[in-house]
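In this document, chain identifiers A, B, C and D correspond to the written order of the chains, with residue numbering beginning at 1 in each.
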Amino acid sequence: MSDETKTEDKPAAAEKEWQPRIIAFVCNWCTYAGADLAGTSRMVYEPHVRIIKLPCSGRIDVSFIIKAFEQGADGVMVSGCHPGDCHYTAGNYHARRRFGGFRDLLEFCGFDMRRVVFSWVSAAEGKKWADLVNEAVAKIRELGPFKEYQKLLAEDIWRKEETNSDRETG
Amino acid sequence: MSRIGVFVCHCGENIARMVDVTRVAEETAKLPGVAVSVDYRYMCSDPGQNMIKEAIREHKLDGVVVAACSPQMHEPTFRAAVVEGGLNPYLCEMANIREHCSWVHTDKELATQKAIDLVRIMVEKVGKNQELFPIKVPVTKRALVIGGGIAGIQAALDIASGGHEVVLVEREPSIGGNMARLSETFPTLDCSQCILTPRMVEVDRDPRITLYTYAEVEEVGGFVGNFKVKIRQKAKSVIADLCNGCGDCWNKCPQKKIPSEFDAGLGYRTAIYVPFPQAVPNTPVIDRERCTKFLKDKCGICEKVCTLNAIDYTMEDEIIEVEVGAIVVATGYDLFSVGKDQPNEQWTGYGEYNYDAYPDVIDGIQFERLLSASGPTQGEIRRPSDGKEPKSVVFIACVGSRDPEKGLEYCSKICCMYIAKHAMLYKHKVHDGQPYVFYMDIRAGGKNYEEFVRRAIEEDGVLYIRGRVSKIYKDGEQLVVVGADTLSDSQVQVRADLVVLATAIVPHRDAYELAQKIGFGCGSQGFFSEAHPKLRPVETNTAGIYLAGACQAPKDIPDAVAQAGAAASKVQLLFSSDELEREPIIASVNEATCVHCRNCIRVCPYSAITDKEIKDKKGNLIKMVAEVNEGLCLGCGACVAACPSKSIQLAGFNDEQVFAEITALGSG
Amino acid sequence: MKIGYYPGCSLHGMAIDFGKSTAATCKALGIELVEIPDWSCCGASAAHSTSHLLGMALPARNLALAEEADLTVVAAPCAMCSSAMKKTHELILSDKETAAEMKRLTGREYHGGVKILNAVQIFLEYGLEELAKRVVLPLDGLKVACYYGCLLTRPPDLLKFDDPEQPVLMDEVCRVVGTEPIEWGFKTECCGAGFSMSRTDLVCELTRRILENAVNNGAEAVIVACPMCHSNLDMRQANINKMFGTSFDIPIVYLTELVGLAVGVKAKKLGLRKHFVDAMRLTERMVPASKRKAPVAR
Amino acid sequence: MRFTIESQQLESDLVKRVEEMIEQSPSICYQCGKCSAGCPVHYLMDIPPNVVIRLLQLGQIDRVLESRTIWVCSSCSTCSTRCPKEFKIAECMDALRELALATGKDTPSEKDIKLFHQVFMSNMRMFGKVHEASIAGVYKLKSRHFFADVGAGIKMFLKGKIKLFPHRIKGVKEIRAMFEAAGYGRKEKEEPSTEDKEQEKLI
């Protein structure tokens, strides 16, 4: 599936309208605060990321990522405190261990892993957050809208048609 | 259907400039479940808060979303307002459309769309929120202070005067920290020992303070109000209760050539020793790595000379367990090591300054010891190589500081002042000597500080040369300091008898491990992180743990003492009630579905989950499940993600809530 | 051991002694030197001073030629040459744009397969323990000032050779051949390098400072690994004495000459007679290994 | 010296070219003076290294291009190695020299150094290697320092340190193509060719 996305050609007009939609799962103590810092430091970055705040990256579940794609996200970011810096001492350690598993599972399910960005951003790394968002947006722009999953869902007899939302206008 | 109120803030122009707030209000008004959506200039102002309160009553709201700044900023404000309006505080959420939106974007249309999405997420979440009630936990009214420098001493004394017990743990054999090593202190030039010693003695005398020196904190468990601490009392080999500090042992100890840590290697101590004469406690310890008895099983002189039989070679380390309600960390600083703390390990680093090669190139603390009346030279300025009185001394500022390539990026803050002090004191002692200072900027921003520096220049004839030094080399007995004077565009060379490097202030060498052990934050430079740089400067992000002194940032004595006082008053504030409230963001187990796989137990970083037996009325075991200890759970949610049967949920962040947030984005 | 060899222009000209001693000493140690076919000048300071592109392109061509000739290790004894080569090597490896630009200019592609050795590194590559075994006429107790100059270690991030302020690797080689390296303050000061002809006055001033510090710290000889250091310190010593009224008379010896003597190469083969300041006196300090008091220091 | 600081000047194209060549902005320099403190040829400079960078910060690049400093700098990298901000001063000096030649803004003083560089380069362009004797010859002819160094020259000759005949490498065409591709000396096209002739004559 990943090969298809790479070679996909879109009409230029559609590209103009389309804006990538990225959901970020971040921990409250580090990355959320890092994003706050980017704000207080007035660092300009791309406006396509929607943050969902969780207490700790350890709380992040693979089903969140799948759900996000199902809801029409073109990309997902997952970010927490740096290894060893976790507000909860070890939460991100579990997260880190689990991300390895996430990756395999998602890949197995047929997700293009280039659409998922894992990283560590501390409360002091406003710049890193801004850069990361810019990179993620650039990457997703390159990959184009994530249509494959929607197609898959449409074929899936267990699902209803409703998931083929009109997200490209949003 | 829920009835949610949305309140969109302009923050003056801060939000309104980049986000079409009226449109955000209009669009979100259309969302299912939203009863009212309005925008206002300053939501956090009194009229703004009143709007919310009135709306709750008028529209019978059961949820509130404030679209404004970061929750770190005003969540408490709005939760309080919601409570006054008659709602549970946890039914209020904030959408961050300032830090995460208006301040970082430049396309008004896209920013507005994002703001609408951010509100939508929170509207969906609030719809699923439940009322939560703070958890009450008892408070142990005893404090632990780690580090016995001036900051730790001040904090301990203040808490004790507030009527509470204090446990003070110091790693070295005596309290006093770095201040005890100083000669006289800027800007008043009072003698450091004279003002410090009485405070040290007070610590020793105060019955409310339990002092453990030559000890370290081994483990910290628990949470605010209820910490459980394990302290390792290293074996001193001297029975403190018997010893009267007569000094017979250390006067007779034949191991006399051990470089004294206290004198920064300029003087010597014995194997059984007190670090300095005014030490508190004045009981010696045996340095087992240098003592002949321990190394070769010979000597034993100290035992023989001690008439009080206080020496005990068989003493072992002891673990002491204490329960405390609050912790003040005051572990202070070390000096950057010019020869070694380098980015490139193979290089000597600052090789151009030859600190390692030339004995007459020393650091600031070493110069303090040379100045100190109780130092290795009894306060006479003698250079280490040959004991001569230096007639020309060069002081170099910012060595390792403000030097991102070879040292550290930050300014060490206190060195400008102590350099002026050093140059001045040198001139007071060696009247025909000439002090020179190479500097980049003079940072003297304190009360009477600038005046102090001017005095050094104008009255004591210290020559300030504006420029960094490129190199120090030896020419005969003298050192040649090659520098620049950028004010006259010149290259200058000074022949010096002694060079003093004002090396950077760095966090105590194992500060990072301590922070890890206790569980609070450390910045990238290793100094401990305060909760907010302006508004919560003595608190950490972990409840019940406070900071004092130079462990948080380079600080001089006045600042260290002020912060210690503030930390002490925070502790007393915590101790002013018998119980305290905790955020109810904690996990709970659905016993009906739990299959006791114990995954959650394994991942919980606070060991907050234990096994629980479920028995029938007759006492027969029906099944085993997991159980969360409300006191210990800090709400990280790791267990929730780990549970295969979805039997454990985190209040405020349960699956339903998070899925609602994600789904909110799909409907756009 | 067979390695590539880039003598550079000066080892065939003004620094013929450096060239001869490198060849003879390597031969004595069993190192076979294979010249890079049809090599050209490295550009020296004239190139990088006037065209940063040529400053890289000239060494890039030589590197590509070495690679084409399957030379994976190349000794470039001249410090200017090895520095230029190593810098170019690092820049091509770390920056794709530079790599493309160099390909455009030279019409050849360099893939980064060459390890470049300066004069000191030849012996390090050979192995100091191995070298110690070959020492037959150590210069026991001769006090030497190891002078690295500015080109051997700088810029440190590209050359990655030794500590830029307190280098020690040449000192180690010197210790193996029995000499005693002194501690002194001018190991990496600049001697004026390529200004020998255009600003002789400048070179004399800089070399005076260096010689003074070496002599004041007890050096009996200055050991160098760069033709420019050598010509400035050796050839200009008379000028300095005239200019400043000093009376320096200290032999300036290439590291390759020093090692050559110790492993038994004849002074003549090393070009030792070609020095301006008499260096033959060194031969008097050689002690047959069999008559030594102490074993070779390491 | 007095000048008015104007915003256009602060955005000088020439300064931008220097920035591109060294891939660093002069703004990172905080004027500590350490570069000037350690520079071995500071005593011959009209503008110390830190002031060179300061002038770039101020957009006053012409003063720098006209300076002697850039020519007497011996490229020893003492400054870059010790700079606390790792500003590449030595490379900056290289860039300034190149720019000074390309724009023709270079100072008339220190022409010996420039001349030497030029003679060296044209010698190399001609043979692919440099032939020290002909460099020395041409340099002396053009600089008119006939008698300087005579003693040393004769002694060198006697010691066999001077090779009489230049050797031309096979790939000399390649070298010339490289000079061309690098745009070497594009401004002063005439000059190298006359030197070429003189060198040919001398051999």
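The definition used in the following text is that contacts are C-beta pairs under 8 Å (C-beta built on N, C-alpha and C of every residue); 3 or more make two chains touch, one makes a residue touch a chain.
This one's a predicted model, so the numbers in the text were calculated from it and none came from an experiment.
In this view the innermost chain, defined by its CA centroid being closest to the centroid of all protein CA atoms, is B. Note on chain placement: the centre of chain A and the centre of chain B lie 34 Å apart, centres being C-alpha means. Put simply, the C-alpha centre of chain A and that of chain C have 56 angstrom between them. For the pair chain B and chain D, the distance between mean C-alpha positions equals 52 Å. The distance from the centre of chain C to the centre of chain D, with each centre set as the mean of the Cα atoms, comes to 23 Å. Chain contacts: chain C has residues 156, 164-165 touching two or more partner chains. Residue positions of chain A touching 2 or more other chains: none.
Among the residues of chain D, those touching two or more other chains are numbered 43, 78. Taken together, the chains touch in the following pairs: A-B, B-C, B-D, C-D.
Taken in their complex, chain D has these residues touching chain B: 30-39, 42-43, 47-48, 50-51, 78, 82-86. Interface residues of chain B, counted against chain C in their complex, comprise 344, 346-348, 350-352, 354, 357, 471, 473-476, 480. Considering their complex, residues 21, 40-41, 43-44, 72, 74-78, 80-81, 88, 90-91, 94-95, 97-98, 101, 112-113, 115-118, 120-121, 124, 128-133, 136, 139, 143, 148-149, 151-152, 155-156, 159-163, 167, 169-172, 174-175, 177-179, 181-185 of chain D touch chain C. Residues 70, 72, 96, 98-101, 103-107, 110-111, 113-114, 117-118, 121, 516, 519, 521-524, 529, 541-542, 585, 603, 605-606, 634-638, 640-642, 650, 653, 655, 658-659, 661-663, 665-668 of chain B are the ones that touch chain A when the two sit in their complex. Across the complex, chain D is touched by residues 9-10, 12-17, 38-41, 43-55, 57-58, 61, 104-107, 150-151, 153-156, 164-165, 188-190, 192-195, 197-200, 202, 205-206, 235-236, 238-239, 273-276 of chain C.
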